[in-house]
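These are the structures in question, set out in turn.
Next, two complexes with subunit A in common: one pairs it with subunit B, the other with subunit C.
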Partner chain A sequence: MKKNMNIEWAGLNMGRRRFLQGAAAIGAAAAAGGLPKPAWSAVGSTLRVRAYSDLKSLDPAFSSGLPGEAVQAPIYNKLIQYNPGSEWGWQLDAATSIEQVDSTHIKFALRDDIGFTNGYGAMTAEDVKYSFERIVDPALDSPNKPDMGTLSHVEVTGEREGVIVLKEPFAPLWSIALPHITGNIISKKAFQEAGGRIATSAPTASGPYMFKEWQPRQKVVLVRNPDWKGSPAAFDSIEILPIDDENSAEIAFEAGELDFTAVPVSSVERLRGAAPKNGVLKEYPSLYYVWLGMNLDNPKLQNPKLRQAIQYAINLPMITEAAYFGIAKPSTGLIAPGLVGHREQSLIPEAGDIEKARQLLEESGETNVSLTLDVNNTTTFVTAAQIIQANLAEIGIAVEVNVHEAATFWTLGEEASGDQWKKLELVLNRFSMLPDPYYATSWFTCAQVGKWNWERYCSKEFDALHEAAAIETDTQKRDEMYRKAQDMMEETGAYRFLTHEATAILYNNAIKPALRPDGFTLLRYFEKA
Partner chain B sequence: MKQQSELLKSAKLILRDPLGLLGLVIVIALVGSAIFAPSLAPFNPTAIDMKARLSGPTASHWLGTDQLGRDTFSRMILGGRVALQVALPSIAAALGLGLLLGMVAGYGPRWLDNAIMLLFDTLRSFPTVMLALSFVALVGPSLGTVMLVVIVTSAPIYGRIARTQTMTLKSSEFITAEEAMGARMPRILLIHILPNILGTLVVLASMDIPAVIALEAGLSFLGMGVKPPTPSWGSLLKDGYALIRSTPWLIIAGALPIVMTTLGFTFLGEALRDVADPKLRRTR
Partner chain C sequence: MLFYTIKRLGLAALIIVVAMTLLLVMVHMVPGDPARTMLGPRATPEMQEALRIRMGLDKPLITQIGLFFLNLLRGDLGMDVFENRPVATIVFEQLPYTLELIAAAIIWPVVLGTILGVYSASHRNSLIDRLTGVLSIAVVAAPAFVVSLFALLIFAVQLQWLPAIGAGDPDSFADRLRYLALPGFSIGLSWVGYIARMVRASMLEVLGEPHIRTARAFGLSEWRIHYGYALKLGILPIITMLGVGMGFLLSAAVFTEMVFARPGIGKLVIDSITSRNYPVVMGAVLVSTMLFVLSTAIADLANAALDPRVRKAL
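Then we have the complex of A and B:
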């Protein structure tokens, strides 16, 4: 008996010949580009973005790094948020008004339409007080305490009004404390019920999205907050996938698994010519700073002329060309262009000066110099290290490159991890940065020696300048102070600033990403194109 | 004379086996290129040439150049030397150590046997890669570290086999006769037992060489092997992986020799095994 070849679906009775004809017509139309594109080629109404590491905490007092903030920013509100766009700035969020009354008092009023989910009520000034004061509470020992700077307390003057009181003026309040991780406002009631701190599950949310679940090493899922009264969230859900390798993330994008990702700088040139289907490539200047540091406490690096010889021998354009494929530019210091304190020029020429380096080495009286250079195990840093190795070989300094996996690398200069800091000679380092120079200079003070200050540079004058610049409210004066601070660092001979790197992102043209000027995602403002 | 004819016979058997012959050719080519690497490499493998960076295969750069403008073909050739520098001495040392301990365990008193077996079991309980990474974390990456890991993890394998074979031979009549004539343990082990078990272990060792090369490449891929700018197949793979989309020849230059080496030593090892085991040869 011959089987019935008709295809029946939803009452449609279609013969095999007709089905094939129809399929052929659809195929031809698709090949000719005649069919409308689906609104959501990859995602439906779920936005999938890549994070470079997995979630560690949903508590603003204990999360660190950009991946933590990427998850928290859509679910918590702040008084102010960074502006999406190409200029650093902020906009109101939970605050209807915020005003610097004097150098140590900031008055704010909250919107009356923001509430916490799961029955935790409206957001009040008490929540703001609790959120900010717990960060600086010594009992909580929050690692993010420095971000809050000189915060003394928050005075509650009404249900939705209050005054932030500082011990001393603190200029980074507007660029770090309020619009970044520590500025996230949490529910006092919910956190107190949870014992004062939370880990990787949020009991409540107040932003356009709510935390749904965290699948370790798989994804974090946020869903639309039905109680949100602000501008509607554009997506039903956001999935944040931890993919540490940018090459893998790029492949995931091409496979339609991601709608937004950073891509390796090595891919930029190729993607400029041929971005994946529906993909848009954008390049952003980064705030990161990469430098070659020298351990000032190492007996081999006591001679200042030797350190200067090393500084002058290093050719930055070679490094940015080879390790960053020409996408990143040489830097002049810790502070990137566009920020207060950025130097137009460093004391050492970009390309160095080999003749001067040789002369300095000769003046130093050092002969047969051999040094080690410790680097984190990434192709970019190992490539940069080999350029430095070749540069120093030109003046007769032998360099042995020691490659370390990340966990080991980040303990090399830490006194708490043993005595290995004593053996540290040259080290290629990279720190992340926020849009205020305070965040950069704070790692190079005497208090940071043996913690993050691996060069072990300790100058009372530098420390005083760092502290004075943090409380200086005159932008022009601050600018001069931070430029001087970088001059002082460079004059020690212990630093050769290399680059601020660059961020390249790839996104689906069906979305309209919202990003900070450095390319960091502001997920709550992402929209459909 | 008899020994010479046996050797000739074995060589003929290998040459008659097509895969064995192919393996032999690959191994000779590999060893030859490693020995004569400095002469064969057309460029200095560590010389940076920024103007030539990431060039595709050309008449002068047969396998293109890497991100530092270094000639990939030259780095591949010199990488082979590093691979063999790690694999041959460390396998030889592991074989020697394993043989010695295995024979002593198999022939010596029970308490010594137990002690050596406990040591072998302890060493084998660590996964090789994890042990390698731990060593590297403790003493830093270097060729010596990789070799030490290979010796520590491979010696127990050879030792166990040597012990089993020694125990079998220990009860043989010719050993009993030697003992009756007053021969001491060193003489019995070196003159009578060693020649009878060496063949099997050499075949096994030859088949382990690709695994050691892969381990070295793996550690170098992870940045835990040889130090930059020394070329190694693993570091070629690592650089190639980072640039796989735009410059695929880099990863080919790293992967191809590892594949060829694995095939070469495996084919040769199988041919040697067939020669050493006539029963197996007949069943094929």
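Then we have the complex of A and C:
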């Protein structure tokens, strides 16, 4: 099926007949010796990739962050998987077919050749039901529950057939719930035997790779699953090495100890001119969003003209050049290009307008304005803060930059951590993002004030728009709703959207990496070049 | 000596109790919510509260301190509720990596530094003595992180003789040694110069003492005088320095584990502080503190064994 969305959700239209036809054709060609020798037949091959942090959990209900999904995706199957490539989309994985029957029912049928290792049998619709329903089970307390949205239950209609039933429509089901962490299908029997949840050891696998071992703070080792009947795994094993520091990872790549790693944006210019031997550099736009927020409840920021003056004084290209070495591009809002709801332009010009900023400040009647700007302690954010400081100095606003260690920074706007949120004035913030606009707007609702909504923007109209957009299935309408939501945010004067950042990766030309449009690894699809 | 040993170990235990109490208080003064950090942004306040209760953070600080020491007496460092594994397991699976790194960083500098120091002292003002002096000061002045980066670029990237990251195959001693070469070299290099200068100065002082003159008068060989008599006393400051230097080695290990992406206590402490994983912070710091206190205690006991005047001082 094909979802009509702004982003091209191009599912494979592969029915049983078409599958059989294809399989027969491939078989005939192979028998005639007409197929090239597949790369995966090479022996002794190990793919070594870097992860930015160590494995925390192999349980889809308790795994958070991309490193967890990077390990789980090759060993578990999902009904659908993200397509590798430059456009967001999905392809069938464990499902032979999946169809949205109506706005709250999604019918699926599983392949009949997927089984769980270690004797846990064939994958059935019962496994799908167990995998999805446990995520929303209040007794399990899964932090990933919101990703499953409005899931009610899964009806099992046959051994390998079922219907996903939603309480109300939930558009991100196709872009987050099914193809990301919560979509991983686990073995009901294996998990029940393990007491209902697992930690850092997987009792069984169903994907092209199996979990072999976790050496804490050293590596996770996956090995080829001999029982896998799908497209063969290209490597005998995959080693995922947690390396915090991108510079160390870059050196390890140059030493030939890694086949794939992200590299710091500061290295990109140098690597463009002289990539290491056998190295290929690629740059991807990321989904993160970085913005300057203003605390609407702070007495010093009550004047809307002052907030607008700040918005207009900030020059985005200066920030992306200085802090991101020109690799990242200025953003127009929360939602990155390629996703539903992306705005082609923000209300404020990219480079700002210093004259207008001065005029707005004058109209505000505010004089001798001095503000604090709180930032996380990374070179990039400190540099960006210094540019903002210089931009605001141009219109006569003095800014004091306060740098915080990461965990301390993340408490600044949180009411539960004390009263420091009251003193918060300007803050440079960065949130991660999944490929659906619902994920972005959910942090700026009234319910999030004092939790993750540090600007303390609270609008019933915005909340209603956020709720309505999540259940809207018409892509065009949804797109308009999210663009409007970002306009509303910007009109408050409390937000100056800066950039979506960028991901730069370096890989060995002996491999053919498979990546999402934002540069995230899809290890199960990695091949030899 | 027995009385001295008991007193010294008692002092070590007291230092550990004071250090851990201070750490417990400090850890709770640092802003940052472990539940929020560990569970991520999607966790509800109820989930966060449940985690705080499981971690015992809902109890008053004094109760937490009391429980920590009570559990410690039972050999229980608590549970890492997020990984659902005992803290002791987590800490002790990382400890060997740090110990082998410290060993690799100190054994070769002690051997080489002592040889160079003794040679310089016995060949005072010779070309080698002067050369050793210049090189010693040069390597002492070279920060470990600069040495690490150059070592990586030369031996791992350019020559590709030695691995850049990791700790090697746990089942292969030779492989682990290979992975220790660069980090051990990077931390140890400045110690060579330091030890060489210390041994030289100490030996020169000892060589001027009356009992050495007496030994010479009796016609003993220079080799025997240097290595049989002078070195025994000349090495004393080195033992003390190594005991105190354990603190430096532990902090250098933190940095080196990050640069060389090695597992170890240092990396564990950094990771757990960043995530506000208090039980693991406490367990890892306890073990680090014990290592430090134990090494200084051993150094003092060794000094006392070699020099009776030290025993009388306490």
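Keep this in mind: the second predicted complex is superposed on the first by the 485 of 529 C-alpha atoms of A that agree within 3 Å, B and C clash if a C-alpha of one lies under 4 Å from a C-alpha of the other, contacts with A are read in each partner's own complex, and residues count from 1 in each chain.
Basically, a contact is a pair of C-beta atoms (placed from the backbone, for glycine too) under 8 Å apart; a residue touches a chain by one contact, two chains touch by 3 or more.
Because the structure is a prediction, the values reported are computed rather than measured.
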Q: Could you check whether subunit B and subunit C clash or fit when both are placed on subunit A?
A: fit
Q) Which holds for A:T411: it touches subunit B only (first), subunit C only (second), both, or neither? A) second
Q) So, A:S248: does it touch subunit B (first), subunit C (second), both, or neither? A) second
Q | Residue contacts with subunit A in the superposition, subunit B compared against subunit C | A | C
**Q.** First (subunit B), second (subunit C), both or neither touched by A:A322
**A.** first
Q.
A:S266 in the overlay: touching subunit B, subunit C, both, or neither? Say first, second, both or neither.
A. first
Q: Quick one: classify A:W443 as touching subunit B (first), subunit C (second), both or neither.
A: second
Q: Once the structures are superposed on A, label A:D93 by its partner contacts, choosing first (subunit B), second (subunit C), both or neither.
A: neither
Q) What is the contact status of A:A385 with respect to subunit B (first) and subunit C (second): first, second, both, or neither? A) first
Q | Partner chain in contact with A:N377 - subunit B first, subunit C second, else both or neither | A | first
**Q.** First, second, both or neither for A:N402, with subunit B first and subunit C second
**A.** first
**Q.** Lowest C-alpha to C-alpha distance for subunit C against subunit B (Å)
**A.** 5
Q. Taking the contacts subunit A makes with subunit B in one complex and with subunit C in the other, which residues are shared?
A. 405, 408
Q | Residues of subunit A defined as touching subunit B within the complex | A | 247, 250, 264, 266-267, 269-270, 318, 321-323, 325, 377, 379, 382-383, 385-387, 389-390, 400-405, 408
Q: Flag every residue of subunit B that touches subunit A in the complex, lowest number first.
A: 48, 50, 53, 67-68, 133, 137, 140-141, 222-224, 227-229, 238-239, 241-246
Q) For the complex, which residues does subunit C have touching subunit A? A) 30-33, 36-37, 39-43, 45-47, 50, 82-85, 90, 93-94, 152-153, 156-157, 160, 163-167, 170, 258-264, 267-268, 271, 273-276
Q: Quick one: which bits of subunit A touch subunit C in the complex? Just the residue numbers, please.
A: 54, 56-57, 64-65, 141, 143-147, 199-200, 215-219, 241-245, 248-249, 251-252, 254-258, 405-408, 410-411, 414, 416-418, 420, 431, 443, 451-452
